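In order of appearance the chains are A, B, C and D, and numbering begins at 1 in each one.
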Amino acid sequence: MGRYVIRRLLQALLTLGVALFLLHYMMALSVQIRGNPALLFFGGKRTPDPAMLAQVERLYGLDNKCYERPGDPCLTPFVERLQDYASGDFGTTLSGNRDVGELLAVYIPNTLRLFMFSTVTLVILAMLLGTWAARHRGRVIDHSVRGTTILIDSVPVFLILLAYTYIIAVPLTQWARGIWGSESFMGQLFRPNYSPDYPWTTMIVPGIILGTVGLATLTRLVRASQLENLGSDFVRTAKAKGLKKARITVVHVVRNSMIPIITGIGYLFAFMLSGAVLTEGVMGIPGMGRMIFQGVQRQEVNLVIVGLTVSAVVVVLVSLAVDLLYAALDPRIRYE
Amino acid sequence: MRRMKIAMAATAAAVLALTSACAGDPDDVEGEGDGGSVLNMQIGEPRSLIPGGSGESEGFRIIKNVYEGLVYYDAKTGEPENLVAESITTEDNQTWTIKIKEGLKFHNGEPVNAAAFMRSWNRTAYAPNVLPLNGFFSTFAGYEEMNPEQLPEEQWADPEVPEFPPVDVKELSGVTSPDEYTIQVELAAPFASFATMLGYEAFFPVAEECLADTEACEKQPIGNGPFMFEEPYSIENGGTAVAWDEYQGDHAPSIDAVRWHVYLEGDDCWADFLTGDIDVCRPSAADYESAVNDAELAERRIVQDGTSIVVLGFPLYDETYQDVNLRHAISVAIDREGVLNVIGPDRYNPLDSWVPASILGGGQSACGEFCTYDPELATQLLEDAGGWPEGEKLRIWVNDASDNVDIFRAIGDSISQTLGIEYEIVSMDWPDYLAAREAHNLDGPFRDGWGPDYNLNENYLEPIYGNGALKNDNGFENEQYEANIAEAGTASTIEEAVELYQEAERTLAEVFPSAPIFVEQVSYFHTERVSNVIVHPIYSGPGGDAELRDIVINE
Amino acid sequence: MSELTAPKAQPDAPQASLWKDAFRTMARRPDVIFATLILLFVFTMAAFPTLFTDKDPTYCIGRDARQRPDTWFAGEHPLGTDGFGCDFAATVVHGTRPTIVLALTVMILAVIIGLVLGILAGYYGGWLDALISRALDVFIVLPMLLGAILLLSLFRNGGSSGGLLSTVGPPVIALTVFGWMEFCRYTRAATIETKNLDYVTAAKCLGAKDRRIMFRHILPNAIVPVTAVIPTTIGGIIVTESALAVLGIGVQPPATSWGVLLAKGTEWAGGGYIYLFGIPLLLLIGTVFAFATFGDALRDALDPKLR
Amino acid sequence: MAENLRVVGDTLPGADLNAPLLEVEDLRVEFKVRGKRIPTVRGVSFTLEQGKTLAIVGESGSGKSVTSQAVMGILDSPPGYVTGGEVRLRGVDLLAQDEESRRTVRANHIAIVFQDALSALNPLWSVGFQIGELFRVHRGTSRADAKRRAIELLDQVGIPDAKNRVGHYPHQFSGGMRQRVMIAMALALDPEVLIADEPTTALDVTVQAQIMRLLKQIQDERNMGLILITHDLGVVADVADDVAVMYAGEIVERASIHDAFKRPAHPYTKALLRAIPRVDTVGRELEVIPGLPPNPAALPSGCPFHPRCWAVDPERCATEAPPYEEVTDDHRSLCHFAKEVYRDER
């Protein structure tokens, strides 16, 4: 177990390091190919005074010569960047000159809350639907569950959200407030925008909608692993042991099915991050996704890079967690 | 020359206002959700909450309620009315005496006296503080000493922040205080409408405690206005300003508090407005129609001529656009109503002058028939100009912010349909665009927009078309025009100046360096729970605004 | 959205009959037939837009903007006009080609990269495998949409109104760079499985060259799991493209794609012009759904265990 | 007798202690695959007495495992359905019982040992848990008690260091040990009937013998009825009392082990015997049964064995299904020429 954990940790670190380097390298390439953002600062076509350009470059940490050689990996600035990150310095925004580290401290918890709701939604829905479909394999229920989840998955999540905010949210809120009053839970639940005054309540609906990302995938996975386990020898053994159906399901099927499903959730997490970009943008949730969204719209490359760095860290952590959970669930890995 | 300086400063302020008016970040701190008579307003991202530091609409919307200036602009007429000032008098338009009402206090108990104003003015006028509204003091005697020529750019540590050689003078020599409640201002040259400026943020007072710790003051301003922050304001989260119990001024609000909610884009508030969570909001383009058609909503609509204009500039420095007939042809070929239909009715109105009607001296219809869609005339004019160069495309340049591309695509469609010219839209980032436009690198008509800093037609003429062919974006230069502007600058009364500026506008119409397209229309809606909603035509925000001292919450 | 449960290759089953079986199974399913019809419709629209509309999508009259479609979809503008007063039917029909071309190009490029790298990694193993597997790990850390966002915002260029290539080019590259991993993973797994099979060993013993083994023996097996995820991935690409368009960094207007139409449509949906949003949405959902259904069925057909 | 149905609270209601321990009569099972009904078990009958061992022998696909599952009531439905017959345990027809009563019969009265212990044990639970589960579910035993009983059982089936091993997971055991765990599990509730479905097929030859010995020993100790399902006649020779040979879903020959080995009355049995390597046949080539086992979805007409049979009267065997022939008492064969085969004339 110990060796397994250590190996996975090292692997995760390596992956993360390379991923961060990749991000850095892409940025460096863009500077090398497209031109120095410091140059863009002066409007591209004008040729600024060299001394002044040097000033701007120093400001953006681009004064290293490597940025003038296309293809140069720019290792020194990379190490500097990592050191900055390690010391909590994520740079500042171009407009407003705000400390990105401080922004992260505000944004990350919001996104985590959003993900909590969507993960719970996704897991519960997929488990129920997948189990249901597996139980009725090959029948109408099976086909309609799969058809419906595929259909839901076919609709881009941000379009569901847009449709929600544009068409449904306002009448629903008005209706709910008519009954329960505007300060009640229900009166806030369906609001078309996130409100910092109700940071949990107004996060539920976007969370649930975001939770439909990958529903078809996960449902399919649940169904497949349930089918595999239902038809497995040890379930037959359990039947032969005279166990009740419920016990067989809970003790012998669900836990075994969890393994591929956990992998799936870890994998879908990355997609949820993508979904969050638009979800948070549409619903006005100040989270990581919207930071990236904003970074793109305002062309704040640093925000985009930091956002992706955080996302990379999270994905690596999640897949590490998944593997450790895996080990916890499966003694075959634990006692390897 | 003096007038020139203020115009330049104003230009800077306007650019700031245009670029940073929208966007913001709500946040996740538990706010107080109590009802009572708390007004819920939308807001963007303010730059600063200390007078002199904002210079954009969102900051000013907060500052003007938390602080209080010498005068207050009447939202309907735009005229300044004394507020903190007891009286503002002058004999020669150069030396002004301002008497301040006695007994007024800041939120922290400090007195609002002459020193409070001078403290603020000196801070803003002091070049090394690099405050956006510095330029407003360029009319003052002694400004020059505090604002030496900037150091060469390569000596700046931060290229965005200009640096100055050490300045010993930290106080405007033109501002003196004969007694505690009197300010005497000596201008560098006579300026008839000096009092008009005094209601702007640049001239608000600042408390001593505030300057002692500006960082804290940015978060929780110490004002002298009818609203005060009991808790720090957060750019992400917005904040609540409550009515100040001890307010002694003349213009007290009736509401108990105002809660500012932050929205990324101004019109994002519309859905929350419909559910009653925001009290005043401007609908997005798409929502206008349904909002206007909703009989109940339509009753709660405030329509007002706006002041922001959209103009199609011509590159007078480009060979193709030398013939005025061609420029006229393009302008006449634009179906302004049709374009409005594309971007959503009610957001703008067609414009046929260079200064909109809502501005003092504006609405002269100087453009006349050349700003009216007439396909036949357009074709005729194009013929007179010798036709369009064969095989060339009309390149229309825009910056890619918000729906500029849409507006100019519709304009291009209209030109293309009428004149049979193929066109393409070239969109650029704002900084790239600004630079290219300044450098005269655009080889076709381009987008130009303008929002005013104060209520005078001059503000639409000199900053845009003045300064000579090399300095302005259009490459426009005309002796008659320059002469009129110069003369108006030294006119002894405002009325006289206005007329001279109008003459300059007529010159513009002849040369036609640009085609007026639209003037914005302010169109806000408010909830049932509020009434007496008054919107300031110049200083309102892009997403929705109201005079907080006048608005009433119906119980 | 990609899937986790691609069927394993079944190397012992003769390939020809596997495909034939799969085809036969699929041809019997009504949902597959329905999906195929949708796809045929869309592909025809992309290939021959003039079959569906004789209007010019660039002929736009501002005054006619946003005319709602007739009740019976008849008249001069069967689907009404769009926000610019162009015939909406023409806009939609002509917006199909860039969308489909983009999706297919990304697909083909990603499959080629995935197959080549996967086979190399699986066949040679060792340091090459280690290298490619690490690269996989790294790229998987950056989800397709986020990666594409990064690339497109780093290498953003001004609005160009050139041909099809320059419109779809940047998104194609961005989506391909972050879209090949899945194919590579499946190919690698299938290759490792196949390479130890007796007949491959036999071929090796008989002195067959590496290249021949890879192409004749391993590729046909590796292609099975890859094929099964192709349709679903195409759907995913179409969705991602629309997300990029809404963010304003995908296909750049005035060029159209479904994503651009949706991005424009969302602006008007709230104001009661649902059709501007609804019609491209229906088309997009229909197509993605068809691809997904097709993919789901294909996967089942190729993996009888789950049928 | 009574002692064997001593199970407190779980005594089989309506049990007739004088009736045979397990009687299967005309059991029929069909599989429904894509709308087609495929008969897999076609009228199987046999009787098992207390303390006796019945070997059911047949090739894979002959329906022997399906029979055992049908008896246990753990057939996967879909696709398998019992379409007829009776399974009587001490005179009680199990097939007529509701699911809940059947469930209590399992493990309490009839238990089964599967072929592949690795897959038949849940890989995620310790063996102790999986054995103890029986006590906890059926007896309401506490967790600690269940564990103690599990250790006892592991000890009984010859697993060394049972105290430690009880917390181990299936993959940590060797094949033989795993099979012992399976057996321990089957024995837990002291059933009267134990079905061992190919218990040794997956094991090494030496281990096979140990397991067979263990089964025999346990059966003797507990006086159980044992059904031994195998495809390998050789394995059962020393253990079984009776043999039922299955082919294409039918029992083609039933005899005592002695008779079956000495004088088989069905060509198929005969062929099977010839395929067993034996000391006295060293040096001779082993015979192989020609052809493939029949596809249950398309059984040959007449006698299903006829395409592979040498003793064939082509016309008769291909058209007429053979009846059971009693060659002696307790020795029946499903062949038109049973007597001839018995007399070794064909």
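In the analysis below, a residue touches a chain if its C-beta (ideal position, glycine included) is under 8 Å from a C-beta of that chain, and two chains touch if they have at least 3 such contacts.
Bear in mind that the values here come from a model prediction, so they are computed numbers and not experimental data.
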Selected pair, greater C-beta contact count between A-C and B-C: A-C
Chain whose mean Cα position lies farthest from subunit A: D
Mean-CA-position distance for subunit D and subunit B (Å): 92
Euclidean distance of C-alpha centroids - subunit B vs subunit C, Å: 47
Distance from the mean Cα position of subunit C to that of subunit A, given in whole angstrom: 22
Separation of subunit C from subunit D, taking each centre as the mean of its C-alpha atoms, in whole Å: 53
Residues of subunit C whose C-beta touches two or more other chains: 248, 269-270
Residues of subunit B whose C-beta touches two or more other chains: 429, 432
Where subunit A touches two or more other chains, by residue: 138, 166, 281, 299
Every chain pair meeting the contact rule: A-B, A-C, A-D, B-C
Subunit C partner contacts - residues on subunit B that touch it in the complex: 270, 284-290, 335, 337-342, 344, 400, 405-406, 409-410, 413-414, 417, 424-429, 432
Of all residues in subunit A, those that touch subunit C in their complex: 11, 14-16, 18-19, 22-23, 26-27, 29-30, 33-34, 138, 143, 146-147, 150-151, 153-156, 158-159, 162-163, 166-167, 213-214, 216-217, 220-221, 224, 227-228, 260, 263-264, 267, 270-271, 273-274, 277-278, 281, 292-293, 295-297, 299, 301, 304-305, 307-308, 311-312, 315-316
Residues of subunit B touching subunit A in the complex: 20, 23, 25-33, 35, 45, 47, 153-154, 156-159, 235-238, 261, 263-264, 268-269, 271-272, 274-277, 429, 431-432, 434-436, 438-439, 441
Touching residues (chain side subunit C, partner subunit B) in the complex: 59-63, 65-66, 83-85, 158-159, 161, 248, 253-254, 267-273
For the subunit A and subunit D complex, residues of the former touching the latter: 138, 231-234, 236-244, 247, 251-252, 255-256, 329-332, 335
